[in-house]
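In structure tokens below, several structures.
Two complexes, one shared chain (chain A), two partners (chain B, chain C).
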Partner chain A sequence: MFLRLLISGLVLGGIYSLIALGYSLIYKASGLMSFVQGDVMTLGAYLGLTFYRILGLPFVVSLILTVLCAFAFGMLLEKGVIRVLLNKNVLPIYVVLATIAISYIIQNGVQLGWGSITQYFPSVFSKSSVKVLSVSVQPEALLCVGASLVCMVLLHFFMTRTRFGTAMRAAAMDPTAAYSCGINVSMSTGITWGLSAGLAAIAGMLIGPMYGVYALLGSMIGSKGFSGAVIGGYGNMYGAMVGGILLGLAEVFVTGYISSTYKNLIAYILLITFLFLKPTGLFNERAIQDD
Partner chain B sequence: MQKSLANNSLGKKLIAPIAILLALGMPLYVRGAEYPLMLACIIQLYVVAVSGLDILFGYCGQISLGHAAFYAIGAYGSAILHNNFGLPILFTMFVAATLAALVGAVLAIPASKLVFHFLSLATVAFGEIVYQFIVHSPGGITKDFNGIFSARLSIFGFEFSTYRLWYYFGLACVIVFLTAKYFLVHSKTGRAFTAIRENSHAANGMGINVRKYKVMAFATSAFYTAFAGAMYIHLVGYVHPDTFLRKQSVLFLTMLLFGGTGSLTGPILGVISVELLIESLRVLQDYQGFVYGILLLIVIVALPGGLFGGFKNVWNLLAGRLGKRRGGAGAC
Partner chain C sequence: MALLQLVDFHYYYGNIHSVKGIDLHVDEGEMVTLIGANGSGKTTTLQTISGLTRARGVRGKILFKGQEIQGKTGDKVAAMGILQALEGRHVFSKLTVEENLKTGAYLRKDMAKIREDIRDVYRRFPRLEERRSQLAGTLSGGEQQMLAIGRALMGRPKLLLLDEPSMGLAPLIVKEIFVAINDINREGTTILFVEQNSKIALATAKRGYVMQTGSIVIHDTCENLMNNEDIKRIYLGAS
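Right after this comes the complex of A and B.
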């Protein structure tokens, strides 16, 4: 029981982490909040489905194509909508509302494109279960945990060890100073939005084989992802990873040991508790100024 | 003297809203126009709800993406009080709205230290928590996923059995709530709200108790929106919990931003335009949500000042052109 819950907690936690990472990256880079992350995940799942099941490409190739598409989508979103709004100096609420409008477009658009029934995402491996310490697990679950860990490690190295990642962190820290050092700030903000969309799309492709693919797949996970980001400390990359995994574990263990009635409540109670009592999160990120 | 001045400008400010709402009553004069009449009633209760949100966002500058929760507390509160305890409906509406105001105040005490984005997250979480409580209520008091039925509005035994009769009740509510809003925003409290919106640190420096006024704004706003929720259930007679998803909160905000914030007329224009837009998109059937999203995005990107602001811009542009032309002619 414990091991089974632990694994499904890690699976869910990995997904939440990838979504929360997107929120944190965007907030750090542009001080904005995107409500579209969960729906980009849905879009990623549908794109993955198209490449993998309908076009019959190998899984890895479909994954790469999906991530590239999502990356382009994220950049386009930043350049085409967010940047336009920011240049107009509008109230920040319009940016929030614009991302919500885009999430409506995705939710309804995928239904028009792929139909409103839940789509079957074919399994990635030929085996239907593998044994992990005497517990049989879906191999896709292990893939999900593994892939999300790999993503986090890669992201860590990208941000700290490459010139580009350093430039992005500089641009996030102080745009004016970074600009005067010759960093293309606008480009790096665009890439941040692209990266966040890419991470969400990976999450969508990983969760597809386990949950099936439907239009509202990401909408709940997207808003719970906020909880993961806040638990870790909003804007902190490592906080988002840890917060997401903690959230996944908390949800699964409470459901398993206490009751499944309030399964969907846990994330929001954690979110509101952290906001009220420890708004800087576990990693003490000073993103949330007191007023 | 002071008072008569206030009354005069109040009269002027209320003329436009009342004229619009009377115009909305057009279906009253046509026989058999039940559907447009119901739409007019829905618009009235949305005006009350969005005006409430305007007090919070337009005047006090505090964002809420969880107003559907107050709307739900009003609807369910009034329905449960009426169904289970047999209390008279108008009374239950006020009790439910007061309850929502208390909940709003309790939420606002810790939330008042959060700024913009994080306040919106806290209100999203609050909205979801209330929704989850409705669909998994202790003892099934809200009938969970089945939705809840309640009686149509009746006051002192007089039953508002048709939309036509209900329309007059709605009109009275709108007038009362808008008048109250007018007096609120033109009082010391209203000025404190505006000061907090413009710069909360400066407001604090001037001796305004920022937290207290934020709590007041939340409570008042919750009262308005919850009352609208109670109006809704006693108009339609039934609500389903999915009426109170985050979509509804976003709808309130969309209506407010469409019409323009911080005015009496703004929420009315916003409610009417968005409601008519949604109704006219119904012909598109499957494409309805998709087209709505696209239109919403276009309006946000193209007209961030709302329809009201957009009209104003067009007006200024035209006036400027005309002025120039006239000036040019004069020079010739």
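Right after this comes the complex of A and C.
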């Protein structure tokens, strides 16, 4: 029982982490909340489905194409909508409202494009189950856990060990100083939105084979990813990773040992508890306004 | 031809006319200061030269090596060799000292020379070397100022802009920093700096501009400015 729950918790947690990372990266770079993360995940799942099932491309190729499309989508969103609104000097809340509008546009758009019934995503592996110790699990579940962990490790190295990653962090910390160092902050912000969309799309493609693909796939997962980001410390990259995984584990263990009544409640109870008792999250991200 | 030249330069923050048509030039190799009371428009001028203010507020011309640069974004201006240590220091607080310096060399690809220049900054400011892996946000004010100047040097400036390097620092540290500024200029870097501390500014630079509510009211050699009765009374606090 424990091991089975642990694996499902990590599957879900990995997905929440990938979504949470997008929220936190965007918040750090733009000081905004983007409501589209969950729906970009849905879009990613549909794109993956198209490349993999409809066009019959290999899974890895489909994954790469999906990520590229999502990256372009995220970047276009920043350049074509967010930046345009910010240049009009509107209050940040209006930009956030615009992201809500886009979230609904995606939800309805995918139904126009792919129909409203749940689509089935063919399995990635030929085996339907593998044994881990004594428990048999779907190989797609292991892929999901493995791939999301690899994404997080790669992101960590990119952000801390590469020249461009460091520049992106610098741009998020202090845009004026970053410009003065020659960093194209506007480009770096766009890339952050692209990266966030790419991570969400990967989540969609990892979860598609297990959950099926439908228009509201990302709406619940998106809001839980958001909770994960808050639990970890909103804006903190490592907080998002840890917060998402902990949330996935909490959800699965509460469902398994207590009652499935709380399955969807636990994320929001934790969210509000953290907001009240520890708004800085697990990683102590700044949460209180300085006077 | 001057290295930097402002011709009838204005800056507007929306309807607020903050800089009201100034002319200013800096020749190759020179060290020039811009002094004036709070809110006279010094920072606005320096940041606009660096492309860090909104382009739509600029009127008039900013010429660098004879080429108009007003309206270019900050990264483009930095790429041309105009680098600035900003007012209030603006170090990247969650990057280490060394990461800050490397970020200052963001546009450069010559890894070996970058390492050499980092050593050079450490030679100039030994306290930074002792703290190379410390987060910049945990440095003292004086150390942050050294880092801000060091970071600007990492871009190999053709023109170095410094905005209030003495801000909020104890006299001893101010002295140390101005010794370094003097050295940087003597080793060949052209400098334009803004200061509230007029005494040390006029003692360090060769020429000075005095700004008052958006206009340049006097410009002369620092020697003459130091002996000007009005300047003495208003800016040097002499009786």
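The rule is short, and it goes like this: the second predicted complex is superposed on the first by the 287 of 291 C-alpha atoms of A that agree within 3 Å, B and C clash if a C-alpha of one lies under 4 Å from a C-alpha of the other, contacts with A are read in each partner's own complex, and residues count from 1 in each chain.
Keep in mind that, in the parts below, a contact is a pair of C-beta atoms (placed from the backbone, for glycine too) under 8 Å apart; a residue touches a chain by one contact, two chains touch by 3 or more.
Since the structure is predicted, the reported quantities are computational estimates derived from the model, not experimental observations.
*Asks:* More residues of chain A are touched by which chain, chain B or chain C?
*Replies:* In the superposed model, B touches more residues of chain A.
*Asks:* Looking at the overlay, does A:234 come into contact with chain B only (first), chain C only (second), both, or neither?
*Replies:* first
*Asks:* After the superposition on A, what does A:145 contact: first (chain B), second (chain C), both or neither?
*Replies:* Touch partners of A:145: none, neither chain B nor chain C.
*Asks:* Pick one for A:90: touches chain B only (first), chain C only (second), both, or neither.
*Replies:* first
*Asks:* Using the superposition on chain A described above, determine whether A:124 touches chain B (first), chain C (second), both, or neither.
*Replies:* The answer is neither, since A:124 touches no partner chain.
*Asks:* Answer with first, second, both or neither: which of chain B and chain C does A:184 touch in the superposed model?
*Replies:* Only chain C; A:184 stays clear of chain B.
*Asks:* Following superposition on chain A, which residues of chain A contact chain B and also contact chain C?
*Replies:* Of chain A, no residue contacts chain B in one complex and chain C in the other.
*Asks:* Spell out the residues on chain A that touch chain B in their complex, using ranges where they run on.
*Replies:* 27, 32-33, 81, 84-85, 88, 90-94, 96-98, 100-105, 107-109, 111-112, 223, 226-227, 230, 234, 261-262, 264-265, 268-269, 271-272, 275-276, 279, 288-291
*Asks:* Can you list the chain A residues touching chain C in their complex?
*Replies:* It comes out as residues 163, 166-167, 169-170, 173-174, 176-186.
*Asks:* Taking the touch rule as given, give the residues of chain C at its contact with chain A in the complex, in rising order.
*Replies:* Contact set of chain C toward chain A: 47, 50-52, 73-75, 78-79, 83-84, 86, 90-95, 99, 102-104, 106-107, 151-152, 155.
*Asks:* Enumerate the contact residues on chain B facing chain A in the complex.
*Replies:* 57, 63, 65, 110-118, 120-122, 124-126, 128-129, 132-133, 136, 200-201, 210, 246, 250, 253-254, 257, 286-290, 292-294, 296-297, 300-301, 304
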